[in-house]
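Structures follow.
Both complexes below contain subunit A, partnered by subunit B and then by subunit C.
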Partner chain A sequence: MQTAWGWLPAIYLFLGGMGAGALLVAAAFEFYGKRYQYDFCPTALVGATVPGPLVILGTLLLIFDLGAGRREPWRIFYMFTHFSSVMTWGVWLLTLFIPVSLIYGFLEILDAFPAARQWLRTRRWLRWTAFLWNLPLRRTKRVFAGIGSVLAVGVAIYTGILLSAVGPAIPFWSTRVLPFIPIPMMPVLFLVSALSTGMGLTVDLAATLAIGPMEQRVKSLPWIHMAFIGVETLLLGMLLITALVNGGSAAQSAREIIAGTHAVVFWVLIVLPGFIFPFVVHAYAAGLGRHSLVSGVGSGVGIVVAGLFLRYLILVSGIPAAL
Partner chain B sequence: MEIPRLSRRRFLGLTAAAGVAAVLGVPLLKREASLAQERPKARYALIIDTTKCTGCGACIEACRLRNHLPEGVSYIRRIVKGNERNPRFLMIQCQHCANPPCATVCPTHATYRREDGVVLIDERLCVGCKYCMQACPYQARIFDEERGVADKCWLCLPWVLGGGLPACVEACIPGARLFGRADDPQSEVAQLIASGRAKPLHPEFGTDPSILFYVIAEE
Partner chain C sequence: MLPSHWPKWTVILIGLALAVFTILLALVLEPAAQALMPRPTPTATLPALHYAAPQSRECILCHTNQEMLRQTVTDAAELERLWIDPADVLSTHGRLGCVTCHRGTGGTTDLAVAHQGLVKDPTLHFEQDCLLCHRNLPDEIPGDRLRTPHSSVVHGLAQGVTCSDCHGGVGHGFDPVSGQVICSMNVCVDCHKTRNLPAELQDCNACHIGPHDVAAVLSCSDCHTSTQRWNEIHLAVHPVELTGWHAQIDCFDCHDWPNFGGLRYVCSDCHKRPHAFGDDNCERCHTPEGWNK
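Coming up: the complex of A and B.
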């Protein structure tokens, strides 16, 4: 079992993924027009405003996990320079994603609360910003939503490439989608998990808490979410089976997950709250058109908790190749 | 507000394009690895004869003392193989690969390979992210908690450049460690490598170890 990366990187991988996924959901609501279907859209509001702070928090955790870089922070700037390293790609993606998502969130707040716009507009000490108020708010917001979603896909995928790029050193992390397809599984799994946790946060949790079950307003949402959960289940199954087929320490990792030291985390903290429970809840909502406060919040919390433990599980179950 | 349909299509297109670009990036990394294999071979060679190694650990302790490492920490690690009656000892340290994955994944250029094949860490550049420790298939790196940087065997380079020997070679009691110039065809190490008796450890990792070689008995 690898011991170099523990909880801090796991939380970071989770926050980065969930932030990216939430922004993608908000951008999808923006571009599909669901954002404007009703006067107030908590999904778009949370999906636009939360990713910036989430990713900032994750980045701070990453910096805190550094050795010399924490004590001598100027060393962090060296991390922008070596482009063969996936970590350098990540540093660039985070550096671009954070300001874009913060601006997108700020514009979404201005759009959702005219009072905030009015307040800022009438401050004497902000008079120099007058030229900004002439910009078309929604079109500007849409530009940042577009750039933000491209960066969000990058953030969600790179966290997976970061792990798979270690190659033969930790065979479980570099497991392929299927033994004969030369695409690493982790980036694909992390992207789908990011979208699922993003929906859990912005739809199941935020919308249910703010205005009641979102599914009653956008009929296709439970189906889309069920599709994500289904695809994620399929990918997780393919990961474990491919690892078992590959043998060696990858198979050992898979065995520890299915029925070994990590089995409790896997079945009780990931599969049950993040896959089975939300799938049943959303199937119920899609079939009967009903979704209660408890089931919405329950599936949202379950998906978010499972997303966190999934990152932790994949980190701790990485076993170095035998020599 | 009226929602233009083009934006939706552009949104989906951009999202898909980013996804494809990210997936294509992976083979690009691999290609860089294959280019790196054309790097020049190393000038030094250190051969460990596992048929002579008794696993006494003198090399581990000598390495610790020369490099002023704390108690119980060394650049050399012992792996016990074989069975109880016939144990085999595998001493693992940095293999000084010609295609070092630690240098590829390092985000700061801190790990680099010298022209003579020795892989070194510039500790002034290291941020301590530990990515190199994950990427080394030989798990040859340790972490210096005090200074917060990655650390590993540096082939006792100042001693070697001055005509001396690495501490582990000097200390080896059964004479299982051989050190010499691989670019001198008359040297013992060059002949052992040429004869095929001394081989790189786990060449299937694809890192092309260029200084460390092992003589392993055929079982």
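Coming up: the complex of A and C.
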């Protein structure tokens, strides 16, 4: 197993992915009008406000994981101009995503809590911002939701592209979607997993806690959720099968995950809480139109926890290529 | 559901708290889960590359400046050896920084300190530094018709053959791929002969991919007499004795490339009869010594 990348990069991948996924879910509610169907939409509120802080925390962890980041954090600026590097793409994506998501979250708070907007408008020290209050709030919010969505897709997939770019050294990370399709699996898997954890956080957890089962508001939600879990399961299975077919250290990585040293983490901390339990909960909800508070929250927590372990497992199970 | 008297924005804090809770939970659960499984023996991981281009500034200032080098080196040949073309510093390998491969101490103008622990040929001692980046090494280079069994590089290292034996000073302007000389043939052949390896590993075919599919009846040295130039040939086996001009023309003036098919025996296949008299049996009058004989 490779030991150069451990928990800090895994937590960054998780926070970045979940933040991007949550924003995409909030933006989907915004654009499909679900945000305004009721007075209060916890999914849009959490999906808009949480990504900024999450990605900031993840980025700080990433900087401190770099040896130079601890000693000379300003050296991160060297990474802005090396455009052939996937890391530079990531630095730019994060640099743009963080302010856009913070503004989107701020606008969502102003929209959801008119009292907060009124409070800010009456502050003397904010008089210089008077011109901003004349902007159409919801239209402005939609602009930032749109820009944020594009950046969120970039944030979700670039980490997968980064891992697959290291592929020649760690063949498991550059495993293709299928042996005969020259597209790396990691960006695709990371994007779907980001959406899945984003839904787990904003729908299963936040919405269930705030208003109860969301299925009563959005009938198709259990089916969408099951579809994402199904696609993620399919992609993860294809990743492992393709790695096994490829042989070498990629196959060794897959064997360690399925039945080797990482088997308990894979089956008990990823498959069970992140795939099987949420699928059963949402299948139940799809059939009966409801589920309990505990199962909804449990599904959300399970998906989020599995999302972190999935990224950690992909990192630590990488085995350097044998010469 | 949340208590009704809790403000609605509490859900934002719960979302953030879940992220933190998940991280803490994972840090606790992962060791517990791994404890249930046998601990793996860590395999060789990526060695830390001593990436230090900024620290190599003083090396570059001196080694690219002949005036500064002359202060400590008087011998012209040694001066030539130690001087680095400033353009090479900007090459792919040059940008890694001198101390990355050659060790020593960067960031100092003190000559003795700078050269402390210096490694002249890094690949002799730190071949893993090369392999860190160059992991997909080709076993064949079809364009050059060469077999380059890089996957046996571990064998080479065990026998004292290092990357620089074939690829030279890649960081100093030598292009290992499109350069004029990639590898001296005797590096492989001499070693194989010294160690009395099987005949097939001492033969041309060990490294060269011949264009002719005639290995069943001919070996390379039956025709090719030089190991320096492939077109120096001696017709050791030929069903018809070639004399005169015919002995000097290229094989493929008569034979088809690459497997010597399509052989023409009749003079008129190649020579056009310039006169009306006689017939196509040229040998009635002419000899291979020349058309006028």
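As a convention for this text, the second predicted complex is superposed on the first by the 323 of 323 C-alpha atoms of A that agree within 3 Å, B and C clash if a C-alpha of one lies under 4 Å from a C-alpha of the other, contacts with A are read in each partner's own complex, and residues count from 1 in each chain.
Assume a contact is a pair of C-beta atoms (placed from the backbone, for glycine too) under 8 Å apart; a residue touches a chain by one contact, two chains touch by 3 or more.
What you are looking at is a predicted structure, and each value in this text was computed from that prediction instead of being measured.
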Put the two structures on top of each other at subunit A: do subunit B and subunit C fit, or clash? clash
On the A-aligned overlay, A:319 touches which partner chain: subunit B = first, subunit C = second, or both, or neither? second
Please work out whether A:262 is in contact with subunit B alone, subunit C alone, both, or neither, and reply first, second, both or neither. second
Should A:169 be classified as contacting the first partner (subunit B), the second (subunit C), both, or neither? both
Which of subunit B and subunit C A:305 touches, first, second, both or neither: second
State whether A:231 touches subunit B only (first), subunit C only (second), both chains, or neither. neither
Contact-wise, after the overlay, does A:120 reach subunit B, subunit C, both or neither (first, second, both, neither)? neither
On the A-aligned overlay, A:32 touches which partner chain: subunit B = first, subunit C = second, or both, or neither? first
So, does A:66 touch the first partner subunit B, the second partner subunit C, both, or neither? first
Partner chain in contact with A:183 - subunit B first, subunit C second, else both or neither: first
Going by the overlay, flag which of 3-11, 21-29, 129-137 or 255-263 in subunit C ends up clashing with subunit B. 129-137
Overlap the subunit B and subunit C contact sets on subunit A and report the shared residues. 2, 4, 168-169, 320-321, 323
Could you please specify the touching residues of subunit A with respect to subunit B in the complex? 2, 4-5, 24, 27-28, 31-33, 36, 65-71, 75-76, 78-79, 81-82, 84-89, 91, 138, 142, 145-146, 149-150, 153-154, 157-158, 161-162, 164-170, 182-184, 187, 191, 318, 320-321, 323
Could you please specify the touching residues of subunit A with respect to subunit C in the complex? 1-4, 7, 11, 14-15, 18, 22, 40, 42, 45-46, 49-50, 53-54, 57, 109, 112-113, 168-169, 201-202, 205-206, 208-212, 256, 260-265, 268-269, 293, 300-301, 304-305, 308-309, 312, 319-321, 323
Listed in rising order, subunit B residues that touch subunit A in their complex are 1, 3, 7-8, 10-12, 14-15, 17-19, 22-23, 25-27, 29, 32, 79, 90, 92, 101, 104-110, 123, 125-131, 133-139, 143-145, 147-149, 201-202, 204-206
Contact residues on subunit C for subunit A in the complex? 1-2, 8-9, 11-12, 14-16, 18-19, 22-23, 25-27, 29-30, 33-34, 36-40, 42-46, 131-132, 135-137, 151, 153-154
